[in-house]
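Okay, so chain A shows up in both of these, paired with chain B first and chain C after.
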Partner chain A sequence: MHFTPPSSRRKWRTFATATLALGALVALAGCAAPSAEATSAFTDWDSVVSDAQGQTVNLWMYGGDEQGNSYVDDVLAPAAAAEGVTLNRVPIVDTKDALNRVLTELQAGRTADGSVDLVWVNGDNFRTGSEAGAWLCEWTPLLPNMRNVSATDPLLGSDFGTPVNGCEAPWNKAQFSVAYNSDVVADPPSTVAGILEWAASHPGRFTYPAPPDFTGSAFVRQVLYSVSGGYENVPAAYSAESFDQLTPDLYTALSDVAPSLWRGGDTYPADVDQLNQLYADGQIDMTLTYGPATLTRLVEDGTFPAATKVLSIAEGTLGNASFLAIPANAAHAAGAMVVANLALSVEQQVAKADPTRWGQFTALDVAALTPAERQQFADLPQSTVVPSFEVLSRNANPELSAEWVPAVNEGWRTRIPTR
Partner chain B sequence: MGSRGKRGMANPNPDPVNRLRGARLLLIVGMIPVVVVVVGGLGSTILQSIGLMPLVGPVRLSVDAYVSTAPALLSSIGTSLWIAAASTAVAIVLGATTAFVVVSGGRLGRIVGAIGAVTVSVPHLIGAATMGLLLADSGVLPRLLGIDATAWPALVAGPWWVAVIAEYAWKESAFIALVVAGTLLTRVAQFDEPAAMLGASRGARLRMVFLPLAAPALIVSATIVFIYTLGSYEVAWLLGRTYPEPLAVMAIRLFNDVSLSSRTESAAIAVLTVAISLAAVAVAAVAMRRSAVWR
Partner chain C sequence: MLAVLLIVWFALPLVPLALWAFADRWSFPSAIPTVWGVDGLDAAIAAGGPAASGRSFLLGLTVALIATPIGALAARGLVAGWAPLPKILPVLLFAPVAIPPFAAVLGTNVLLLRAHVPPMLGLVVVLVAAAVPYTTFMLRTAYAAHDVGFEEEARTLGASAGQVLWRVHLPLMAPALARAAFLAFLVGWSDYLVTLIVGGGQFVTLPMITASLAAGIGNDSVVAVLSLTAVLPPLILLVLLARTGSHRRP
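Moving on, here comes the complex of A and B:
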């Protein structure tokens, strides 16, 4: 078989392989890290609208909420079509998937013509994207419907402490809530500390998703406020000193309650869906949500017990807003702006706030609307499970800055499950 | 290659040197996409893990990513190896048995073969969801058996990763069975029938004919199963525990983490996983050389 001497053949093969490998590596290493903030090229709304005609906007959003999906498909998309934009909902398991897609595209040098046009985003994902220059900025002032939004609303001016800076348009407001089965929980607690006490005295009947799950992480921050004596005592801006000073009590409280949790705190639900599953199966008596809007439907269709109620927490709960952001490399930025503007219209916000449709709380400044528009919100059917946003958001706690979130999550991961 | 001389004589214009060169050139052309994908993918992962391909910030050579993941690494490697080894072991036993039944022929063999083919086509994610529905505390099985959720053993998210291993073993045993049965079907009869004629019992034929013939295919398919199980994350994430994390789950969590620096740590975990996989391939290569067929 040896037509050429083996040594020279091997050398040649090695050389060829090495050349190919080196070429591939050099090509990869040449991919530059993305540059700083990208700003919109548009200066007036009319040119945005004319540019948007015929565009297909890929809206990447968490796909696990059927009501949200049907609102976008059945209400928002037809309205966008009427304005000449095709709205294509891309369901994702986690918002990070969309951010990661954008970051990977930018890392690979795909700075235009990206596959993501619009993302439903907030908090740490928004901050990470901002740090990497992944968002298109200064475009929200162009949207005519931004006039319906309060310019001074702190929830909309900064997103978990990261200045919004026109890089994302408001969409929803949300309030962290604890739901419980009132048939089983005879003595519903009224504080976060009370929830932990209830868990300790009812072994195996409470748990929370393991951070970095969004809801589990929010619960841990809620406990941080509680053990610190209220949100006022936790500085919103992150610092290592505050972390070292405040979190030991947090992790002590969580590790003290762990043996009384579901499965003795030996393991935790990986995400909020698994938590909801446990609650639906009657294995636990409380569940957590940052989107209480979904509860009405879940009780109606029999997934959750009929006696499900929302705890009223005396010290208030975390509130946040969520937004629509356009990636810096979006292929259809103009179409995305048209959709974001449409999503802020009174008509769409009313449809979205209907508990039978989606029940997401409006991001608009309802008090500043015309009486006829206000009446549309007042006429919405009331949920039998979820109190109104005014009641839920009483004493609302502000979110911590986004830097706190990974630090608290990582602290939990290294201290609690390894206990 | 014993017929090479004969074929050379049949061909009036043999130029083996040029022919082989042409074949090699074609092979190299075919190899380019493979090399670009494997070397490119692996290369970019290595570059990321040593800080030479940052998402943001300066390019700086460092092993920080490896150092910072070190504390959790030992338990993660142990967990990954346990899941992969246990899944592979169960899959080998189940798969070889199934292959034996298929090769033995008859109606049972055809039915088992068909079940195996259907099992292979089920995606792992669907398989994991099914296992979860079946084995969870409030799953179908405890309900059918009338066992209370609190009395049911922790198969899903439990300390021994039972549901994860069961899913991998179930799916991969079908893969092993098809590979082994496929390589044996054409060859086993010529040895098995004479052995049977000479009075060898079923047990003796299994030991002396089936297993030696099946060994190479078993080793290769078991290695594929081990490496696949080591590198895949969905099943372990869905059916596993919060802590300790298998390597692949840790890598995907770090890759998706919001802090941009953790992507380098994710790449470091991926490089380590590849190293373990290569070690498994090396062990398999040694085992192959020792198996009778290759000697």
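Moving on, here comes the complex of A and C:
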């Protein structure tokens, strides 16, 4: 007995043909290219709020920071629900995953019903998205809480040299920091040049992630400022002449210190996680971070040594801000704006700045707030590890334009010998 | 001796995982956790572990329920010789495994988006396509060894086609079908790439929260708990399968 009546054979053929035809049709359908720049269709805040009611906003964000996850789930999401918006956090390994999703949807001609409504983003990913026209723009002036933000703050006006242009709303500020184990480092250096000297006199106890890692690359730029005699001497706009004139000293300084680094500079940690792990394991005595907010928890839960402190660097360090961006094809742009506005409220920024909650530095212009609001920030518990933003951001260095970054990284790759 | 070595080989990587799962603190260079506790478990629950595991289980089950009958049909057709294009069909069926998943998934996703296929449907379709090679090739071997004589005998004795399928064919094939379904279940249960890219973040599964937490520092204990959660259900299913399989084999 067989299960093959002739009719099923014919059905199979029909099915196969239909499938092929459908596939061809699908491949031919819709080749709409994304527009150069999408701008918000809304003209007043009330219509945004009424449009947002009942929407579910998908916030795609890096999910490797437990405190960040619980801030969004336990503080921001309930507050959004009170305003009629459901906030759904999508945990991702890398912000690039969100950008790739948006770019794929745009490539497929899905320009109005995208699955990403809000992305926690800055720097390189923001620039890539801007170049591809992937962000909704000119919507941040609509947000009532933008009044809490300084209009002239250079950190918020341009994101690593890319003009923000109302395409993303401020979320946090961050300051490049060097953490060290104060039990071991008896004589903490107070300049970037001092860090390199300390590394040279303590062989094997310092290293940095190999660029193009985000943090490793920031450290190399920090050294570039140092060998150039301060950030004032490095033009923010990239030019080949400035590069040729300024970088030989940078690579000489880094080559000179290389033999004294961890494993004699034969190899470097591939990313900041590996660097942090080396520090956690006591194999090195200093670690680098562009997000000092997480240090408090890492010390409290014993991942990092209890004596971890943040170096005070006389010439200041790089500062940046991170943002919430809405993709050009977001299905729930109005809801996303409500969440972005909420995130800029004093209550949310205070809650997020609490070191026991997350400890992210506020993006608000605290000096311009009412005395009662200022007091809320002043009343926050002080982290035992991380100094306040005022201390940490003293003499803050501006970031170089985004074009500098790949050039400096490539120079490092070709001029610093590794085995 | 070989069995013991094999067990050690498979169990060894799980030892640090099991230790980390109950380590509230494990500071270098201590060989064992310095503070024991269930912080990792609490964090796994806070991160949405139970709901994500439920979704992964549902996804695995759905993929198994669809890919197993398709695999059975394809295997039966290939063995009996009534499948079209007998030379090319096995190659086509195996293609999803042979093509690098990242390239295949990214390309397929553009196609699915263009065709306005809902993300959940697309997710199931792509995972079923990825699971069918396993079910087909597993069942092809089983059907090659299957004696249709039993079914012909039943028909001769007056059983209807439906009765033959339910009372003769399926009981005889059950162990092989269960093994194939297990493989298909694993495809859905453990998938990360397709769930993220095709699923479009609508369906947050266990591998997704595990991977995102593993990307950060200081999460070793929660990642260990989530990883053990990912290992245990397949292990339990495997043991059950081994037992029922040996009982039912005629």
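Remarks
Criterion: the second predicted complex is superposed on the first by the 381 of 419 C-alpha atoms of A that agree within 3 Å, B and C clash if a C-alpha of one lies under 4 Å from a C-alpha of the other, contacts with A are read in each partner's own complex, and residues count from 1 in each chain.
The definition used in the following text is that contacts are C-beta pairs under 8 Å (C-beta built on N, C-alpha and C of every residue); 3 or more make two chains touch, one makes a residue touch a chain.
Note that this is a predicted model, so its numbers are computed, not measured.
In the overlay built on the shared chain, the residue A:R394 is in contact with neither chain B nor chain C. Look at A:D97: by the touch rule set out above, it reaches both chain B and chain C.
In the superposition on chain A, contact is made by A:N125 with chain B only, not with chain C.
In the superposed pair of complexes, A:A270 makes contact with chain B only, with no contact to chain C. Once the two complexes are laid over each other on the shared chain, residue contacts for A:A210 go to chain B alone; chain C is not touched.
After overlaying the two complexes on the shared chain, residue contacts for A:R374 are found with neither chain B nor chain C. Of the two partner chains placed around the shared chain by superposition, chain B is the only one that A:T418 touches, whereas chain C remains out of contact.
Contact with chain C, but none with chain B, is seen for A:R297 once the two complexes are overlaid on the shared chain. Once chain A of one complex is fitted onto chain A of the other, the partner contacts of A:W60 are limited to chain C, with no touch recorded for chain B.
Chain A residues in contact with chain B (one complex) as well as with chain C (other complex) are 1, 3, 16, 27, 29, 94, 97, 100, 107, 281-283.
Partner chain C is touched in their complex by these residues of chain A: 1-4, 9, 12-13, 16, 23, 26-27, 29-30, 58, 60, 62-66, 69-70, 73, 90-94, 97, 100-101, 104-105, 107-110, 115-116, 273, 276-277, 280-283, 294, 297-298, 301-303.
By the touch criterion stated above, chain A contacts chain B in their complex at residues 1, 3, 16-17, 20-21, 24-25, 27-29, 31, 33-34, 94, 96-97, 100, 103, 107, 124-125, 127-128, 131-133, 204, 210, 212, 263, 266-268, 270, 281-283, 402, 405-406, 413-414, 417-418. Contact residues of chain B toward chain A in the complex are 1, 16-17, 20, 28, 31-32, 35-36, 39-40, 43-44, 47, 52-57, 71-72, 137-138, 149-150, 154, 157-159, 237-238, 240-243, 253, 255-260. Contact residues of chain C toward chain A in the complex are 24-29, 34-35, 39, 43, 46-47, 76-77, 80, 82, 84, 106, 109-111, 113-116, 119, 148, 151-152, 155, 161, 164, 196-197, 200-202, 204, 208-209, 211-219, 222.
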